[in-house]
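You will see two complexes here that share subunit A, one where it goes with subunit B and one where it goes with subunit C.
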Partner chain A sequence: MLLKHTTKEIMERSALTVNPAKTCQPIGAMYAALGIHGCLPHSHGSQGCYAYHRSSLTRHYKEPVMAATSAFTEGSSVFGGQANLLQAIDNMFTVYKPDLIAVHTTCLSETIGDDIPQIVNKAVAEGKVPAGKYVIHANTPSYVGSHVTGFSNMTKAMVDYFAETGAKKNKTINIVPGYVEPSDMEEIRRICDAMGIPIIMFPDTSRVLNGPLTGRFHMYPAGGVTIPELRQTGQSMGTVALGNLASTAAAFALDAKCKVPYKLLDLPIGLHGTDMFIDILRNIAGVNVPDSLTFERGQMVDIISDMHQYFYGKKVGLVGDPDQLLALTKFLVSLDMCPIHIVTGTPAGKKFTAELREATKEVPCDVNIKVEGDMYLFHQLVKNDPVDLLIGNSYVKYIAKDEDIPFIRHGFPIFDRIGHSYLPTVGYRGGILFLEKILNALMDRQDRDATDINMELVM
Partner chain B sequence: MASTTHAEIADKRLLDGKDPERIKQEMLRDYPPKIARKRAKQIIINKVDKDKTVPEISSNVRTIPGLIGQRGCCYAGCKGVVLGPTRDIINITHGPIGCGFYSWLTRRNQTDASASPDGHNFMPYCFSTDMHEKEIVFGGEKKLKQAIQEAYDNFHPKAIAVFSTCPVGLIGDDVHAVSREMKEKLGINVFGFSCEGYKGVSQSAGHHIANNGIFTHVIGNDDTVREGEFKLNLLGEYNIGGDAFEIERIFEKCGITLVSTFSGNSSIDDFANAHTADLNLIMCHRSINYVAEMMEKKFGVPWIKVNFIGAQATAKSLRKIAQYFESPVLAEKVEAVIAEEMPDIEKELQLIRPRTMGKRAMMFVGGSRAHHYQELFTEMGMETLSAGYEFGHRDDYEGRRVLPDIKVDADSRNIEELDISPDPDRFRPRKSPEELKQLVEKGLTFSDYEGMMAEMKIGSMIIDDLTQHEADKLIETFKPDIFCAGIKEKYAVQKHGIPMKQLHSYDYGGPYAGFKGAINFYRDIERMVNSKIWGFLKAPWEKNPELSANYVFDE
Partner chain C sequence: MTGLAETMKEKYGIPFIRVSYFGIEDMAKALYDVAGHFKEQPEIMEKARELVRSEVTRIYPELQKIKARVCGKRAAIYVGGAFKAFSLIKALRYLGMEVVLAGSQTGNEKDYEILRDMCNDGTIILDDANPLELSKYIIEKNADLFIGGVKERPIAYKMGIGFCDHNHERKTPLAGFEGMLNFAEEVCQTVTSPVWQFAPHRSP
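Right after this comes the complex of A and B.
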């Protein structure tokens, strides 16, 4: 047993987190910043933070993750990190020549109270920021929210620093894709392209964290939203924000700053999530949905109907990030599956819990929803009320192995498989891929458990 | 500069056909002048005098903000490296959630819980106080106390350790006082570490703090003397990928009793007992030499430097152990084991050497590995062009002979040096001064480490705390056949079209220690430097972009 000390009996805990279902803000900010073209993310704190964040993102994407640090010493922790950040800005622009530096803070610099804009102004005054280059920042104290909050804060910073109000709105739609994979961002763009809608997506980590091996290392890969595009977001006719926790802040800021109205949607995961996304896009942009997308939708419906018997009534335990959990739960319910344990470590609020309750109200079982729970509790819930399928990040494999339950990897981090960088979960195509994953997991199990007598060739 | 002496001219060597000094200047050219001056002292072209004196290298100095390097923090060194791999201590990270999360299972320290009677194994778990804003403002001691209580109630461990993260030091939580209080209340060993991430200049500070803590709170707690004639501790072996298991296998064959390993496949019970051993072996000098020094002062256990990375190095280290115990039985046994293991090594080397001979490697890792792994490459007929440590000190590069000359700077001064004196009851010199003298005369060296540079070729480039910029320059200039570092460097190197071997996590392979480990390593490196994929980077139309006159159908 890997997690042999995990008991079925659940004791109330108020202070100890065991096996967290979240991590801290700065890593989300670093991930978001990598979705700007030519950007070097910068961690204003001890060097351990950026080392950990780069390591985790690298293990997850198996790609270079470039970022820098202020490398606080004990002295800077006492006297503030201004000197370190000034030196870092100078060194980064001199040696690594990014178009912009995206500074995020840490628990250390936030506890000290470093004022980043003031330090950046000083850097500008001292000539450390070359003409046409930028330093942006987001406050991302690690002791507030989670990695999702950090992603949201850095995405909002893109609006705060760059969005410009124009005389006239154009036909472009801004997409804030939420905390999703590069493959998902690519798929969202493909859908919009197919509909003939010009978009600006920010951040956009596709072609940054799923790049090719060519024999040449590029410090700043081909992908990412550009600074001119970020400026133009203020002149777009509207914004579609995907996922409340990760995307609302940026969309709201853009509305407040440049009067660009926004529509908040769930992540376009599953049939209805994707339907809603495409339907809203159609209405905002005033375009017809191309047959190609309707055809893809039909394929997805076809698969669900063909294989319905394998989905029906199966109990699922999910652990991960709020926006993902909400969309996935709705997807699973639409398949007549029963998500019965839903846990996130992110403090997502009462409204989120209520939305999950609403989404699962027709599930014919007791549904445990724990917002601000951890994986230890999740495991205990599974022990008390076993499930047929687990969905979560790589750490869930320890639970899956101990309890001998089929398992699909989804979320962050995935350290032990590839796929998430290249194959989407969003859209109809992503949905088909996800259906395949569910079926493979469940049907492989049926095959494994089949006796010599009831082994099925055709399923 | 003063006029060049003859000796210097004679020492001037080309590195792989290139002038290393010129390459160094090219690396520095892109830095702001002040930074270039600092880095110039950390990039050294190797020279080795007859008495093994090597040039001074600036190391264990502050990381330069903004340059992008390899280093982690004090917490990572303390919790992640030294204390993390012990299965039966509940390690609670006191801080916001990130630090505990990132150090959860990511270092591949294997452990065999069936070796402990109670079977405790908390290593697959992550424990954190997950501090929120409230605790940052009003203090986190109350939450920490409650967390320790909950850890005890849920898991009933025999020991709990508490690790401070950056904000803990700033807000002034006293983790030691809380630990003392809870130790008394729960009746189990509870101890804290002030290993805030900003302390020191790298992981190295955390190693030292961990050494101090484990020496103060654990070593010597159990005086039970175990059976066995040749009892020793293995220090600085973390059982990545099962390295310690392989070393244990060899020790067992030789009849050597391993009292404890600091810290791989380890139990706190073994640490408590470590002072009863008769010899300390040091693998990773950087991370653990402090414990060895303190055990010698307090309990009289001498230490020698060993290396179980490389078949020859393993054999040499085993012979040193036999020499120390002065037992013909052990010496005979060791020779028999070496004789038994070596044929497989030779057989494997015969197979792979034609495919590895003359290939060139670079390695930038740790505080020992960049040195130790050169042994394995040498066995394969490969040359190390350039190497350096992430968090080594001058003694790791230049040898302990320079210890008296090392200036203690502001960052090092803050890391406590414990004042250790002989234990009134338990200090027991294992060898008399006369015996020690005789052993030294026979060639055994105690309490010494010669460092990396003395064993490297003249002209090779030694680079401390390598930056991304310097790594790129090295790769572009030399196009090495393999580059070794950690996960953060891995894919940037490979984008250049050069295979990259992780020497922290072994790319999820291993073990690489001992005899069987050497064979694993030969095979992995042979596979990597000869992998077909590096020849497939260009599509046919990229190799030959001109359209040819004929359609393919016409041929």
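Right after this comes the complex of A and C.
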């Protein structure tokens, strides 16, 4: 019992987080930056932050994660990291030859107050940025928000630095996919392809963090949105932003900068979520939904109908990122399941809490929603009102083990299983995969607990 | 660690010796060195000898089996401290493997002198290398195994070669005699894995 000290009794805590249900801004910024082709993310701070962020991403994706650091010393911690960043920019372009460098800050450089654009301008003035190469930046102080905020900030930076207004609009639609897995981005693209809609997706980490074994190490893998594409986002006919917290900032900035209108949707998880996404695409692009997608949809409905009695009334505890939680909660409710504990460590605001309340208002049980809660509280909630299924990142496995509850891994980080980078959760196909996961978890438990007499062969 | 030991010697006059617990050779030497320090108690040396003998006898047969499978395979080592690299080189040699690349992040002049003395002429020695250099030389030297840190694991796999890591969070120890056996098993598992035949540059 690794968590044996977690008490059932819940005490009001105002200034203490135990086992956070989030991680820090730069991880999200680094992840987003890896979704630009030929980009080298750069962490402006000390080496420890960077090593932690790189290790986390490396372990989650089991892929090489390339990034650089300003490697602050005591001196730079006091006097600022200008000299370090200038030299780093020079080194990176000389040694690693990226198309662009995406600088994000850390707690330390934010506290010092380093002015990144000013330092970058100096680097340009000193000829340290070769012609046709770029340095972009996002401020990512970790005492604000979470990794989702960092992701959002870096995605917005792509708009701020590159989007250009054109004389006429193109037929493309921009997709801001939100903080989802490379597999999800791939699936979103597949759906758009099936509908015959040309898209620009940013960021796009597919084929960067889920690439094949090629026998060679590539510093800059094949995938990622390109700089010319980012420029053209300003000439698209519209933007679809998936997930409020991760994607609105970029979509809004693009609207303000280049007058590209945007539609904000939930992540396309589950039947309804995917329907909404496809419907919006259909509307903006003026196309029909192809039979292939209608067919997939039918398959998903078929599975749900075949198995609906296994979902009915099952209580679920979820912990993770806001955009994911909202979409998943709606999905679970639509399956007749009861999400009763919903916790995120990310400060997602009152509106988010209200949306979750709305999504769960038909659930016939008490529903605990804690926005800015931690894993400790989540565990306490589960102790007080046990559930049939847990959904969360790898850290939830300790709770699942102690409380002996079936558990599905979803979110960030997942250090101990594979699949998330290759198999999507979004779309109808992703939905089918997720249904399979839920059913496997529940049915494995039923089989395990069955007596000799009530063991079911046919389920 | 050496810094701490030095300070303790300075402040409290407590003597120290630098040892490594990695690999049979160094582990045995560590025990002998410690025993040797207590000259007036020769029975300690006796016991150290006894311990080394019984431990080595215990793991020897298994190690020989592994050696037969990995003998002649080529290894690249890139670790934090050079001291660790020394032990790794000896341990790999013990298994009949060839070290084709050795390097560290923090080694000093003296470390590299030792490293150069330890290695063959053809071995590439790298100081504070970057992933591009590492991958270039690993391919060039046709290494079968890469020993490095957490973040290097996927790099090795992308190139289609085995990997063994040396990080602080491991739950299976690599230190001591038992650790040598774990290490050898890990190395053997990874370098002899059939998956590498599917790596593009290796398939015929």
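The rule is short, and it goes like this: the second predicted complex is superposed on the first by the 459 of 459 C-alpha atoms of A that agree within 3 Å, B and C clash if a C-alpha of one lies under 4 Å from a C-alpha of the other, contacts with A are read in each partner's own complex, and residues count from 1 in each chain.
Keep in mind that, in the parts below, contacts are C-beta pairs under 8 Å (C-beta built on N, C-alpha and C of every residue); 3 or more make two chains touch, one makes a residue touch a chain.
Computed from a predicted model, the values in this text were never measured in an experiment.
S.K.: Should subunit B and subunit C be called a clash or a fit once both complexes are overlaid on subunit A?
M.R.: Subunit B/subunit C on subunit A - steric clash.
S.K.: State whether A:Asn393 touches subunit B only (first), subunit C only (second), both chains, or neither.
M.R.: neither
S.K.: Which partner chains sit in contact with A:Gly45 here, subunit B, subunit C, both or neither? Use first/second/both/neither.
M.R.: Touch status of A:Gly45: first partner only.
S.K.: In the superposed arrangement, does A:Ala15 touch subunit B (first), subunit C (second), both or neither?
M.R.: first
S.K.: Let me test your reading of the model: by the given contact rule, A:Ser70 touches which partner, first (subunit B), second (subunit C), both or neither?
M.R.: Once the two structures are laid over each other on A, A:Ser70 reaches subunit B alone.
S.K.: Of the partners subunit B and subunit C, which touch A:Tyr143 in the superposed model: first, second, both, neither?
M.R.: First partner only.
S.K.: Between subunit C and subunit B, which one touches more residues of subunit A when both complexes sit on the common chain A?
M.R.: Residues of subunit A touched, subunit B against subunit C: more for B.
S.K.: Clash with subunit C: which of subunit B's stretches 91-99, 145-153, 217-225 or 523-531?
M.R.: 523-531
S.K.: List the residues of subunit A that touch subunit B in one complex and subunit C in the other.
M.R.: In subunit A, positions 51, 54-55, 58-59, 62-66, 95-96, 211, 213-218 sit in both the subunit B and subunit C interfaces.
S.K.: Within their complex, state which residues of subunit C touch subunit A.
M.R.: 130-132, 135, 139, 150-151, 153-155, 157-160, 198-202
S.K.: Would you mind writing out the residues of subunit A in touch with subunit B in their complex?
M.R.: 2-5, 7, 11, 13-20, 22-24, 26-27, 42, 45-49, 51-56, 58-59, 62-77, 84-85, 87-92, 94-96, 106-108, 111-112, 141-144, 146, 211, 213-218, 345, 376, 395, 398, 415
S.K.: Touching residues of subunit A toward subunit C in the complex: what are they?
M.R.: Residue positions touching the partner: 51, 54-55, 58-59, 61-66, 95-96, 211, 213-219.
S.K.: Going by the contact rule at the top, pick out the subunit B residues touching subunit A in the complex.
M.R.: Touching subunit A from subunit B are residues 30-32, 35, 62-76, 92, 95-106, 113, 119-122, 124-133, 135-136, 143-151, 153-155, 165-167, 169-171, 196-202, 410-411, 414, 467-469, 472, 486-488, 490-497, 537-538.
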